[in-house]
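Shared between the two complexes below is subunit A, which pairs with subunit B and subunit C, respectively.
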Partner chain A sequence: MTAVVLDGIVLGLQFGLLGVGLTLVYGLGGVLNLAHGQLAVVAAIAAALALGAGVPAGVAALGGVLMAGLVGLILDASLMRSVYRQPTEGRVLLGLLLTLGVSFVIAGFLVWQFPIEALSLNIGGGAVELLGVRMRRGSLLASAIALVAGGALLAFFRLSTLGRAVRSVIQDEEGAKLVGINPASIRTFIFVLSAILAGLVAITRSMTSPVPVTAGIDLTILALVVTVVGGLGSVPGAFVAGILLGIVNTVSSFYIGQYITSIVLLAAAALTIVLRPSGLLGQRP
Partner chain B sequence: MLEVNGLSTGYLGKDVVHDVSLGVGTGEAVAIIGSNGAGKTTLFRAVCGLLGISAGSIRFDKAEITSQAAHRIARQGLAYVPAERRLFPFMSVRENLALGCYPAAVDPARLEFVLGVFPPLGQRLSQRAATLSGGEQQMLAVGRALMARPRLLMLDEPTTGLSPKLAHAAYRALDALKQEGLTLLIAEQQVPLALSVADRGYVLEDGRVQLEGPAEDLAKSPAVRRAYLGVA
Partner chain C sequence: MRAILATGALLSLVPLWLGDSRFLMGLAIGGLVFAAYAVAFNVIFGETKQLFLCVGALAGVGGYLSANFADRAGWPLPASVVAAALIATGLGGLFSWVAVRRSLDVIFTGIVTLAFSLSYANLLLGQRTFTGGENGLAVASGSETAIRGHASAYYLFLAVLLTYLAVYRLLQRSHVGWAFRSLRDDEQAAELAGVNVSRYRIQAGLIGSAMLGLAGALLAHHEGFITPSTYAFGHVDVRVLVMLAFGGIGTLLGPVLGAAVFTITDELLVGVGQLREVAYGLLVIVLFLFFRRGAIPALTSRLRRLRA
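Coming up: the complex of A and B.
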């Protein structure tokens, strides 16, 4: 059981990191980025191609993450601008439609160009014992990266001036303008950060299992579930929800079967919406 | 310090404020008085860049700020405290104050000054803004605006939701700030309070300036006394 729970935590940390980006973009501008998972796949495929060309793994991983950030920047500077110009109701719908379209375009392009490409980062070395359970080094490294990234994010949002500015836009955009904060540049910054985080998830995920070119939609759905359960706009909520859902995922997969996990995760999201519509830690950006 | 010329503005292409001109001199306190729906808030939102304008111009400290984005205007030293305060509800009092001087770091002397103006805030620095009382929230909203050392402070209905006692306390604090040399532009329905601090005033009705003049003249004006002071 300990092993299953530990595996769940390893997976959950990746879920958390995946959800954080989506939740921040939503909190800032009311846009649920349905291309979020595709940004992760962009990073995975870019890194896989670089690895294939003989680039060292660390550099390839970094390049992949930066590539996701670049695509995020291009999206923000082009399509997202027109979304943010809309009033709230129109923004939600247009945001969903456009990001869904972007998701199809990215997925279509990648599957067309690199149909069998997948990123698999092999972290060598023997297993390490943790709480009496033998863990793969890849799992531990992936978790360590996710923990460091999560801790850095929390510290950034709590302690830095820019982090506070991001939270202020989430909590009251007009109030933020009145103290001299430009919500548009904050949104650009967060959209790029969110893409970089998605890219980072692709890298850490590939340390335990391959990330194929078709993984985008699954990653997007996972991010949506994490975001809904954690509370839209909440960074700590995304991590708490991520870890809980990770454990739910591995436990149900271990005791019932892999086929049931998607249903269980979606049921968890549905249950949260019914019992606690604002999510576990909603309204606490 | 502030010159508004022939300003018209409104919502969805329909003007609510028509051809309004007003001025605020350095160190002056000016009141915009008018009933609910007279256009005071619309006028203020247009001046500070939250609302587009259909005609006219706005100059702040001799610089043209017409149609500039709100965050740019704020950074030039024009602070606006709206009636609904627009605090960051899930952040502490300290964080709200710190964001007042964004992107600069908090100047301890300035923080001390603001806490000196509003002592109750000093005891609530770690408390979330949403959990403060109405009076304390108003103090925090003004305190946050003061953190950036604004040259002009615009307040929209600063006594909204306050008891008469707290409303008087709020105006005493504003008077103290005025004595310190801060320039004030205040929109207010509670005319006696506004005129107690203001040097000059404008009466806004149906989006137009109907009357203007020194505060004591307005207080004596039969029209103002009839409409706002309940004197026949």
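Coming up: the complex of A and C.
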């Protein structure tokens, strides 16, 4: 049981990291990015190709993450700007539909070009004992990266000027403008950051299980579930929900079975919306 | 109503033109089914802005249940189809009711119904006894009837589509329709004017879901073999969105035009494989960025300008 729960926490940290990117973009502009998982796959495939070309693993991973960031930057400049120009009501729907289209374009292109590509980073070394359970080094490294990234994000939003500027735009866009913050550049920054986080998830996930070129939709849906349960727009909420759902996922698939587990996760999201739309840690709008 | 009759007359000529090519008639029937889905989605989303991302799933509820009622329980075919469609109606009505009661906005309604779609897909894969899992399910009932023929099935689905269009037009013309449109433009004003916004939303949800369940059930008996991908989100919902985006959300004939154009393009693009998905993605992006009103509104406004 301890082993299953620990595995759940390892998985949950990845879930949290995946949800944070989605929740930030939503909190800032009301856009639910349905191409989020595809950005992770961009990083995975870029890193896998670099690895195949003989680039050292660390450099390949970094290159993959930067590649996801670059694609994020291009998307923001080309499409997101015109989404944000819409009034709030139209924005939500247009954002959903456009990012769904983007998701198709990226997935279609990658599967066409690299139909069997997958990223799996093999972290060598033997198993490590933790709480009486033997854990793989890959799991521990992945969790450490997720924890550091999550801690850095929280510190960034609480302590740095830029982080406070982001929070001010989330709370009150007009007020932020009045004190000299440019919401458009803050949104670009957050969209790129979210893409980089998605890329990072692809790297850490590939340390425990391969990330194939077709993983995008599943990753997007996972991110969606985590974000909804944690509360749309809440960074700590995404991590709490991620860890919770990670544990639920491993326990349920260990004792019941995989297809019921998917249904349990989806039901968690649907029930959260119906019973507590603000999620675990989100604020009521 | 004249527009519907004209469409019906035009579409009823298609079998004469396609002759008895089994392949082409199959395509044409597929186009009719998708047009019917798109009209149903139009009733729910186009009229009352409830984003039901479970078009395929509700059709699948109709299809799989009807197949099981007829083949396993031995019910007569019409009873199975009606019972399955009623259950789909109940489910869709439930989603609408929850969305209205909890006043969910577009995005939350979308997520709840998407969660249902994906759960249903998982359930289809898991419940092998009733669904055959990913290997699919052979549907025996209907095999000796007209529903399996080419021309007869074509006219059956054409009749279904024309009925849906007539129901949609009647809805638009009735006082219910005026209410629909007033709430779409300004919900608060509609409520202040005494329009029961919630009731109309739920009515639209019920009617649209009934249409989906019925079309899905008939499709199962027509095809004689269904798999989870027959009703999958990626296969049905995404296409319906593209069709409506092209034809025009909230228009009477937009879904029909969209389905026709899409069915033909889809077949032309069969050779390019994965690039087809890229093309659809680009199409969605371009359509929603530049032609948000769709082809039918663009055409009618051009016609009006020509006449003036």
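Here, the second predicted complex is superposed on the first by the 283 of 285 C-alpha atoms of A that agree within 3 Å, B and C clash if a C-alpha of one lies under 4 Å from a C-alpha of the other, contacts with A are read in each partner's own complex, and residues count from 1 in each chain.
Here is the rule we use: contacts are C-beta pairs under 8 Å (C-beta built on N, C-alpha and C of every residue); 3 or more make two chains touch, one makes a residue touch a chain.
Computed from a prediction, not measured in an experiment: that's the story for all the values here.
S.K.: Regarding the shared-chain residue A:Pro277, is it in contact with subunit B (first), subunit C (second), both, or neither?
M.R.: So A:Pro277 only meets subunit C here.
S.K.: Going by the contact rule set out at the top, does A:Val228 touch subunit B (first), subunit C (second), both, or neither?
M.R.: In the superposed model, A:Val228 contacts subunit C only, not subunit B.
S.K.: A:Thr161 in the overlay: touching subunit B, subunit C, both, or neither? Say first, second, both or neither.
M.R.: In the superposition, A:Thr161 contacts subunit B only.
S.K.: Have a look at where A:Gln171 lands relative to subunit B and subunit C in the superposition and call it first, second, both or neither.
M.R.: In the superposition, A:Gln171 contacts subunit B only.
S.K.: One more residue to check, A:Leu32. First (subunit B), second (subunit C), both or neither?
M.R.: second
S.K.: Could you tell me if A:Arg91 is touching subunit B, subunit C, both of them or neither one (first, second, both, neither)?
M.R.: Neither subunit B nor subunit C is touched by A:Arg91.
S.K.: With both complexes overlaid on chain A, does A:Ile181 touch subunit B (first), subunit C (second), both or neither?
M.R.: First partner only, subunit B.
S.K.: Which chain, subunit B or subunit C, ends up touching more residues of subunit A in the combined arrangement?
M.R.: Greater contact footprint in residues on subunit A: C.
S.K.: Both subunit B and subunit C touch subunit A; at which residues?
M.R.: No residue of subunit A touches both subunit B and subunit C.
S.K.: Under the definition above, what is the set of subunit B residues touching subunit A in their complex?
M.R.: Per the touch definition, subunit B meets subunit A at residues 48-50, 69-72, 74-75, 79-82, 85-91, 95, 98-100, 102-103, 105, 144-145, 148.
S.K.: Can you list the subunit C residues touching subunit A in their complex?
M.R.: On the subunit C side, the touching residues are 51, 98, 102, 104-108, 110-112, 114-116, 118-119, 122-123, 125-126, 234, 238, 241, 245, 273-285, 288-289, 292.
S.K.: Quick check: in the complex, which residue numbers of subunit A touch subunit B?
M.R.: 161-162, 164-165, 167-168, 171-172, 174-183, 283-285
S.K.: What part of subunit A is in contact with subunit C in the complex they form?
M.R.: 32, 79, 82, 89, 92-94, 96-98, 100-109, 111-112, 115, 217, 221, 224-225, 228, 257, 259-260, 262-263, 266-267, 269-270, 273-274, 277
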